[in-house]
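Heads up, the thing below is written out as structure tokens.
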Amino acid sequence: MEHKASVLENLGEVRAMIKRHKRNDTLFAALGLLCLMFGLLTLMLLFWQLIADGYPKFNLEFLTEFPSRRAGRAGLLSAWVGSLLVMTVTFLSAVPVGVAAGLYLEEYAPKNWFTDLIEINVSNLAGVPSIIYGLLALGLFVYILGFGQSILTAGLTLGLLILPIVIVSTREAIRAIPVSIREAAYGVGATKWQVVYDHVFKYSYGGILTGVIIGMSRALGETAPIITIGALTFIAFLPPSPITSEPPFLNFEWLSSGFTVMPIQMFNWLSRPDHAFHVNAAATGALIIVVTLLMNGGAIWLRYKIRKNIKW
Amino acid sequence: MQAPVELPISPRLAKNIRRNVKERIIELILMMAALVAVATTFAIVGVLLYESLSFFKTVSVVEFFTDTEWTPLFEDAHYGIMPLVSGTLTTSAIALAVAVPIGTVSAIFLSEFASHKTREIVKPILELLVGVPTVVFGYFALFFVTPLLQTIYPDLPSFNMLGAGIVMGIMIIPYIASLSEDAMRAVPMSMREGSYAMGATRFQTAVKVVTPAAISGIVAAYILAISRAVGETMVVAIAAGQQPNLTFNPLESAATITAYIVQVAMGDLPHGSIGYQSIFAAGLVLMAMTLSFNIIGHWVRKRYRENY
Amino acid sequence: MATITTPIKAEARDLNFFYSNGARALKGISMPLYENKITALIGPSGCGKSTFLRCFNRMHDLYPGNKYQGQIVMHPDNTNVLDSGVDPIEVRMRISMVFQKPNPFPKSIYENVAYGLRVRGENNKRIMDDKVEEALKGAALWNEVKDRLHDLAFNLSGGQQQRLCIARALATDPEIMLFDEPTSALDPIATANIEELMVELRSKLTILVVTHNMQQAARVSDYTAYMYLGELIEYDDTDKIFTNPGRKETEDYITGKFG
Amino acid sequence: ADKIIKIDGSSTVYPITEAVAEEFQRTKGIKVTVGESGTGGGFKKFCRGETDISDASRPITQKEIDLCKEGGVQFIELPVAYDALTVVVNSKNDWVKQLTVAELKKIWEPNSSVKNWKQVNATFPDKAMNLYGPGTSSGTFDYFTEAVNGKAKASRKDYTPSEDDNVLVQGVSGNVGGLAYFGLAYYLENTDKLRAIPIVAKEGGKPVLPSEATVMDGTYQPLARPLFIYVNATSAAFKPEIKAFVNFYLENAPELVKEVKYVPLPKEDYDAVKTHFKAMKPGTGFNGTSEVGIKITDLLSRIK
Amino acid sequence: MATITTPIKAEARDLNFFYSNGARALKGISMPLYENKITALIGPSGCGKSTFLRCFNRMHDLYPGNKYQGQIVMHPDNTNVLDSGVDPIEVRMRISMVFQKPNPFPKSIYENVAYGLRVRGENNKRIMDDKVEEALKGAALWNEVKDRLHDLAFNLSGGQQQRLCIARALATDPEIMLFDEPTSALDPIATANIEELMVELRSKLTILVVTHNMQQAARVSDYTAYMYLGELIEYDDTDKIFTNPGRKETEDYITGKFG
């Protein structure tokens, strides 16, 4: 049959063509690597610059000193404590609500317009720019609800900001749990909530946590909404302690206290005329990145561990 | 066998009221949590609309969209949003011009060329870029990228849209790369096997089969990236200049909607003044822009969802 | 037909079932389950075996839009378990189910078996220990796992996992047990184990099993029902069905001419 | 609850107040917050009673006085330092040797069409001019427009405005054709990148560079200006920590003002201000209008 | 045994295969593929049929860590396609494959068929048109699609999609065609179509087909190989295998006693 031998006859030609095509492979692989490295190298360059610039401030005093007009003396104490407290509020507001909402949408919500409405809302909120959350906070929390420029306002604002992240990651984690597990639980007579709590929630926990960490690390670096609520101030003190020595041992005054957070402090230092402050700013930037890296790294590690442990 | 007749329900099988009530209450609580998302949207839209309405009592909508100057805080105030919109669109376009090619190529590389191990390592690292505070990127644009650009364009002002846009592009590379890679991963292996079985090379398979198959996911990633760029604040506030300027020339400095909002917020917030209201009106425009991008993105994904 | 002396544990009466997309998956099925007997459901893929089985413990209630029509009457209560006034949870507490693919919870072996009891509010450790042991013995798994009750269930082999799922279902003393192709994911040895176990369990409860392995149906069941396209084509003593089926379609299927 | 002293206002005065606040907290352990919303922004909050003290780089305006009256806020006006509003260009700019007020006006007046150095003075090269200046809620903006253009807030609008003075520094230092104006301190911290322009007050006069000396001897005109803090009179009377803070402020001002590179008032002026505060006399010596080149003692004596 | 006059197109010689996890999926398989004949591979699930088939076009190279041992020699050139010096792309240009589930590309019908030609650098529209038509005719699909060549391939029915995949594989004039359970996702009518097509194609090329439908093997193939647990248990004329198998295991499998 004439056409049968085609490849064999032109073997030389075919080989040359394959070689040509493979060169495209190599070229593209090189280009791809280059593109990837572009992003990675930029990150490293940036990080390196911050480290090099902020190097003189890498000491413990930087964390134990208040901001000061003297760059050499100025530290991050009020800023990191502020960040910690704001993050606490963010965590406490976003996580329970986000997880509950994720559980509802994935396990309970019937398929109707109402659920669609919620779904559309969640996915849209995920795309709303952070500055808009700042405007919401300004209009709603600061003025209408009268929370002022407080830790509570900032924490709730960032809480709303990361809510979609928590909801989406909760839903993704839940979806990884096979139907067969749910059916098994229902099969032995579990109620819906028992199925949801004992199984769905417990097994997706790690995945949810990953999302929460990623959300929190995003919140940690947010600057624009905090500026929008008007919290760009010199704060050289700590908010009232949440724990007191007398009963009831808890104190909520800190919620209404003024505050500063790390990115804001960094911003403030960068706007100083004296260059010595830019060292502090660089050190702060490096610190934020390190914390972010640690958090993200933790999340990635967690994700990896989950994937390794549970194979459905 | 007898025809079905209504049978009484034995107590052992009847509904357990207490348990059912408890279940309903739990469901209600969870639903309330889900409603927070709806409430947030309504609150955002409500706050923006409320303050904007006061704003539009002073400023006509026509002026708002046709005036070519935006100077609400000056004595001789003009309220034309277009200079802010032009700044926003220009910086976003530059960002996309950087991020789309690099992000897409990175995604193809990660999905089709890199080994499993490389992907497992690189992808999370790439995602770390998303976690870097944007203030840091802002100063990176101002102190590093712009001076670099000034060696090419000596007349480039220190605040310019080009530098800010490029850095914003770098910021959204991981976003595009990661989402596009997800879309490509979702293309079933059988599709690739089909191509390889025909004697195609990796590059041919990636470009002729996998990318077209994942195109809706990739386009959705682009659109969501636009929405990210349009909403990005600190980079443009720090590096693009804060002067409302009706121009699409990347070599000029200009203000974006977001930059205007933080600039005002950084100064003072005289509650109830026209200046205060103006940031909400600007915010409303921003919200409308990002919202429409998000909706288009979702629509693309839904409409052209791959049916392999 | 079956001798009338055997008591009926449950029976389907003119049962129709509609999936949420409107597809009618069961068409007027009427069929008894005799007490302490094994009834097998056979038929080609997609004929509605699983659908029918899952009506018994109202599993379809989990997915909105599904609709039952007709009755499944459970004895001695003489109650239609499909009645809207019946609590599906109560039904599932009396009718348990074993699935096609072993689906243990990612918990310890002990906790897997104990789960049905916990769901019922049982918290007494002593009672629990006893019940777990009893169930594992009943599922012929006790000897293999007694020294590692607190190991993760995922570490068991496929066959062991399936027996664990049986133990889990047994722990709550169900009256009826439903098996949906319980051995299709298992190797021959594990299959033989499970089959043996089913035969043993028969003395304690009533069994309905879906299988598409006809040899299996012939080996383990007392009664066999042949379904096709949502209809019950033939129901009879297993021996009769496999030696002298009443219908041409059944014969074609059994002899492998079709399917 | 803890006592907190809330201060907001001028970004020019901010470094001084911040220094005082820092020392005050260190020695007295009372919490102080200092914002920098600009003079105008600060007054808005002050007149709503949200802050105890407002920093100002210009006197309070009639509008703001009315606002305060509305909010039931009485204030005590206290000058705390001098500043020289400095006009700067890029250090690579070698063509501008001096600028007259008229030339400044030509550049900055409303609807000014100057986009090129050549348009200011024919001897200047054909070079694009990029302008940077404080935002509209800034006291510096008000003062400069008053002193140069003759009317507060009357300014051209097509320049890069920022409440963050460092943005302005950055703008000019990255741009050979750049020009900006802001407080002296921000210039003194950036002398490597910027050059201050000697100002000719009147046609034919001598060009004067901003410095402590030229401010003190009154030759740097019209851009030398006093800086103020405004204290809520009720707070001052009833909150001991406010009183303590203001006294601490005036006590340490000479040293701290110098440290942050501003020009302290003469000693006798500080004494007069202290006395004025002790007397708790509310009101302003400006009657809601700005005045260029006034003496502190005259000012204080106007308030009855 | 086959008559010695039929030329051999390819043969496996002592072929072993190891998946990346170390599992040995093929154990010393030696077997010929006779030219212009259909060889069927049967055996229970997991016995290595697909694994064996996919060795022929080096499909396993797509996943890192897989290892071949032994040879698959192709005639007349006597090339060992598993040789590391042989480019898998070159092999795949000579040996094409049709998969279990139809996997058309998300392109038009025309572009699907033309793909193999484009990959080979063919750009001439005339030649392309001819080849596409020829291939579609060869796959008995031309009449059904000739008026909508530029429709998306996804709009075809399952059976049509599978025939399209066959056309795609045909368009490049392969010497051998591999079919991995090509009809298992299809309904009986589409199945009959494909089977007919395979028999027709035999005149042009050599076919290796995996099936777990024994009737299918009996219907279409000239030779049949029975595999079990990675080993080739028996290879012979199809008639012989199905009427008088040489090995007890083969008989058990064919009569349905097992599997």
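First chain written, first letter: the chains are A, B, C, D and E, and each begins at residue 1.
In this text, contacts are C-beta pairs under 8 Å (C-beta built on N, C-alpha and C of every residue); 3 or more make two chains touch, one makes a residue touch a chain.
Keep in mind that what you see is a predicted model, and the values were worked out from it rather than measured.
Chemist: Going by the touch criterion stated earlier, list every chain that contacts subunit A and also contacts subunit D.
Modeler: The shared contacts of subunit A and subunit D, listed by label, come to B.
Chemist: Could you work out how far subunit C has to rotate to sit on subunit E, using CA atoms and steps of 5 degrees?
Modeler: 175
Chemist: Give the label of the chain whose average Cα location is farthest from that of subunit C.
Modeler: Centroid comparison gives D as the farthest chain from subunit C.
Chemist: From the centre of subunit E, which other chain's Cα mean sits the farthest off?
Modeler: D
Chemist: Approximately how many whole Å separate the CA-defined centres of subunit A and subunit E?
Modeler: For subunit A versus subunit E, the centre distance works out to 50 Å.
Chemist: Could you tell me the distance, in whole angstrom, between the mean C-alpha positions of subunit C and subunit D?
Modeler: One centre to the other, that is 86 Å.
Chemist: For subunit A and subunit B, what's the span in angstrom between their mean Cα positions?
Modeler: Here subunit A and subunit B have centroids separated by 15 Å.
Chemist: Residues touching two or more other chains, restricted to subunit D: which are they?
Modeler: 37, 164, 167
Chemist: Quick check: what residues of subunit A touch more than one other chain, meaning two or more?
Modeler: In subunit A, residues 18, 21-22, 191, 230, 232, 270 touch at least two other chains, as defined above.
Chemist: Check each residue of subunit C and list the ones that touch at least two other chains.
Modeler: As it turns out, subunit C has residues touching two or more other chains at 89-90.
Chemist: Using the touch definition from the top, list the residues of subunit B that touch subunit E in their complex.
Modeler: 115-116, 188, 190-201, 204, 208-209, 212-213, 306-308
Chemist: Which of the residues in subunit E end up touching subunit A in this complex?
Modeler: Residue list for subunit E touching subunit A: 76-77, 87, 89-90, 93-94, 119-121, 173, 175, 204-205.
Chemist: Which residues, counting only subunit A, touch subunit C once they are in their complex?
Modeler: 110-111, 178, 180-191, 194, 198-199, 203, 310-311
Chemist: Using the touch rule from the top, collect the residues of subunit E that touch subunit B in their complex.
Modeler: Of all residues in subunit E, those touching subunit B are 57, 59, 62, 64, 89-90, 92-93, 96-97, 99, 101, 103-107, 115-116, 118-120, 154, 165, 168-169, 172.
Chemist: Would you pull the subunit A residues touching subunit D in the complex into a rising list?
Modeler: 66-69, 230, 232-237, 240, 253, 258, 270-275
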